[in-house]
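This report concerns only the one structure given below.
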Amino acid sequence: MFKLEIDDTLHLELTHPSHAQDAFCLTDKNRELFKTWLLWLDGVQSVEDTKTFINRTLERYAKQNYINCMVFHNNTLVGNVELSIKKGYGIKKGELGYWLGAEFHGKGIMQKATAKMLEIGFEQYDLDKIMLKCAVKNERSCNVAQKLGMSHEGRQRDEIVVNGVVMDVDIYAILKREFRRV
Amino acid sequence: MFKLEIDDTLHLELTHPSHAQDAFCLTDKNRELFKTWLLWLDGVQSVEDTKTFINRTLERYAKQNYINCMVFHNNTLVGNVELSIKKGYGIKKGELGYWLGAEFHGKGIMQKATAKMLEIGFEQYDLDKIMLKCAVKNERSCNVAQKLGMSHEGRQRDEIVVNGVVMDVDIYAILKREFRRV
Amino acid sequence: MFKLEIDDTLHLELTHPSHAQDAFCLTDKNRELFKTWLLWLDGVQSVEDTKTFINRTLERYAKQNYINCMVFHNNTLVGNVELSIKKGYGIKKGELGYWLGAEFHGKGIMQKATAKMLEIGFEQYDLDKIMLKCAVKNERSCNVAQKLGMSHEGRQRDEIVVNGVVMDVDIYAILKREFRRV
Amino acid sequence: MFKLEIDDTLHLELTHPSHAQDAFCLTDKNRELFKTWLLWLDGVQSVEDTKTFINRTLERYAKQNYINCMVFHNNTLVGNVELSIKKGYGIKKGELGYWLGAEFHGKGIMQKATAKMLEIGFEQYDLDKIMLKCAVKNERSCNVAQKLGMSHEGRQRDEIVVNGVVMDVDIYAILKREFRRV
Amino acid sequence: MFKLEIDDTLHLELTHPSHAQDAFCLTDKNRELFKTWLLWLDGVQSVEDTKTFINRTLERYAKQNYINCMVFHNNTLVGNVELSIKKGYGIKKGELGYWLGAEFHGKGIMQKATAKMLEIGFEQYDLDKIMLKCAVKNERSCNVAQKLGMSHEGRQRDEIVVNGVVMDVDIYAILKREFRRV
Amino acid sequence: MFKLEIDDTLHLELTHPSHAQDAFCLTDKNRELFKTWLLWLDGVQSVEDTKTFINRTLERYAKQNYINCMVFHNNTLVGNVELSIKKGYGIKKGELGYWLGAEFHGKGIMQKATAKMLEIGFEQYDLDKIMLKCAVKNERSCNVAQKLGMSHEGRQRDEIVVNGVVMDVDIYAILKREFRRV
């Protein structure tokens, strides 16, 4: 329901239970692609599972340490983008996450959606730094990080196991002073 | 941040901590007017109090039994509208509440904002009935109820005490089948 | 165990787990009659369900916002009467509820039991107002309200659904200053 | 409010917030006497403290592991009697506690009040055993235990410190099969 | 993992999940013997049950009102000893509990293990008194109490039911001033 | 109280409230040194603060996601070492932390203490990977990481603010298969 406009064809909506049906269908359709990268995929087997997930995103939004948005392209739900916020160590830090239906790849959608989330993170939540961690082999995702102007800060060995495969993870990050609104 | 458009000059935003400063200033400026009708006014003496209130609105939004929006006119925060949702007795029932800064009265703003909330209540939350209770002497508010197409269902004697004054309250309500989107 | 005497043949007992067996049997015997008016009936299918209900009444009694009594006629459990207490809106308000086994109708039992509850509400809990809501078609119940000296304050359309039937509800209420102890 | 009759002059009432004023006054008047035996005395310095205590007794009553009654003689509040219920070790065990205003000593009041509590414990709560612990030097209290038909089961050295004085404690107990209703 | 040495052949370890397998096997092997004395035995039917128990011992250790240790003889897990700590009545009181595999009886193991626990209770937790309750018929256990220098303080009739047998219980206790470190 | 031996002069003790006095004194004595590196230092102004910290370490130990030990050299408390355990992303990961009083630097104490913690992490808690993050400028700490056989996995810019100074942080880590017990 509640929206953030990006441009004429693209907008975000704060994730809401009314998104559950469409979000589940898109997830289910992309199951083959997603299973390589997304840890939570096996936990989502029905619309009810998606509703449970959505309820948790709203609880965390209420605590002001998380923002989860559905991404809409020409009013069709095409993906999801999230910003987790952590305080501690004297700084306010965010971490991006996202997924996008395969049929919507290659249009620059996630690039714009994540850029909007950086804007929210730095301007509305006053973060000092926003991070993106992606499997080294997930080139598409590493690409997004680089185009957002993020720097490569490290490579963590054997840091994640998805679908039985042990993977190295790249850490990317951008500081508040490095961020330029598009 | 997250928006619902009403028309070119009017929109709602899901209430967010970043609204606290403007919402408190508007409340404080209208203190003399509001003290006759608003029970909670004495509890709001600082921006911190408004933040506490806003946090609670988000917690309740997450539980899906409450929606609280700031009302914006030409991008200025001018008021607040809320829809409380109650289940029980075999039906899903909503109750409207609102306030509007005095300098923005007479422009039909609250009429449109509450109409939008009826639309959300009936279409997104599938409510069976939406109610509005207002002090009998609050003619402006009773007017809003009537223009929304609500029926008068009763008058409760000595039902509320605001600022030391005992007041009768009128109950207005509209059923799902009576609602027509504007 | 703990009693409130009304007259030689009638007394109330604070609802206690030891009432569970008799209360369940009476409910079960009156199932056909009760199903038209009592929302919770389907939830009570065994003595265990009645015990669960009784435990909840005691928890609410402890919080001082609820009193639930079993009604005894010649030391036989014949019905139940409850007073729910709500604070808010600057007043202290109670709401009556009750049920009576069919074979004990027509003896004025519930009239006296509810009158005793008004006395407790106004004198022990210092309430400002006590309300009784009943389905418009439940003439016996509307009768009780009128004989208690309550005024009709409104009629709410489509306000309750019991056993699949949508019903209008009448609101009755009596103010502290209107109450006279019998 | 809710009563248990003992005889023409004596009854118990389930402890209720409306008893707070009288209970505090009686406690306060007997402060000199009580300070030798009652551990909690210093924690009760105002009616508010007594209300807090009473609220806790009702919460425990709701959990069905505690019964606290005010004792009334000719409708005057004269003392307090409690039965704590503990499950575990395969048996259901109760423990008595009480106090009585000095001006009401010597009339057999507490003897009858505690006998009533034994009856409730064994008949309504189906206890296997009820215990009474009293300081060895508190002869009046040890007397009550003996007259209730309890057996002496032990003497615990240095078991309690009241008002800075270390005291030995006598354990008395009665089994269900030993109990005879008066 | 974490240890307390007693002598060359004997040490205690703070109970830890890594003890679950050995502790369960020993319990299971001694089931016939233990069922006469140990109330909780039927609740331990698998290593998982032992893990659940161990987790609870650690939660209580963290609250500083309980210490549970596995007893090791020549680095073999041979038994368990616990000290429960209760505040109230103006004193700090501990209560011992233990079990020992049958094949390790007769070596004075539990005598030394419980003596170590008295030392911890009086020196590290500053207890005023430590108690040991044992079934009158459990001569081996009563023996331990006596050798620890404890005094017999009472005999409670019908105080425990283990495996369907009602048993009397002896209370033993030692005061801080009576304790001499071995 | 409960110990883990490292060698003749060195042992760890599971952090316990009885350590509070010594731990606070050592912290307080090293305040000037520690303030450059330790975020929590300002929160520790009294023995009570240290006790509060210790209680929290025990709660987390009970949940099995944290181990905190005091380091003893010749039976003197000289420092602290901790292992935080995190599940998620399909692996079990630990993170080391520590501090050592300045007067005990240069003896290889922390090298041995952290090596013992790696052993506990990999052997008792079956971790897949253990990490150590240290400020780039904290050469002594980076040294410990390297001597433990950890690999450098990244450098995070502006990752921590201690005492008003923004610092870069180095990430070191060792995998289970890389670990060799000393």
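In this document, chain identifiers A, B, C, D, E and F correspond to the written order of the chains, with residue numbering beginning at 1 in each.
Basically, a residue touches a chain if its C-beta (ideal position, glycine included) is under 8 Å from a C-beta of that chain, and two chains touch if they have at least 3 such contacts.
All values reported here derive from a predicted model rather than from experimental measurement.
Counted as hops between touching chains, the shortest connection from chain E to chain F is 1. For E-F, the matching interface among the pairs B-C, D-E or A-B, defined by over half of the contact pairs being the same residue numbers, is A-B. Among the pairs A-F and C-D, the greater number of C-beta contacts is found at A-F. A rotation of 180 degrees, rounded to a multiple of 5, brings the CA atoms of chain B into register with those of chain C. Centre to centre, using the average C-alpha position, chain C and chain D are separated by 34 Å. Centres computed as Cα averages put chain A at a distance of 63 Å from chain D. Between chain A and chain C, the centres computed from C-alpha atoms are 53 Å apart.
Residues of chain A in contact with two or more other chains: none.
Shown here, the protein chains touch around one cycle, each chain meeting exactly two partners.
Every residue of chain B that touches chain A in the complex is listed here, in rising order: 1-5, 13-14, 16-18, 55, 58-59, 61-62, 64, 120, 124.
If you check the complex, the residues on chain A that touch chain F are 39, 89-91, 128-129, 151, 153-162, 171, 173, 175.
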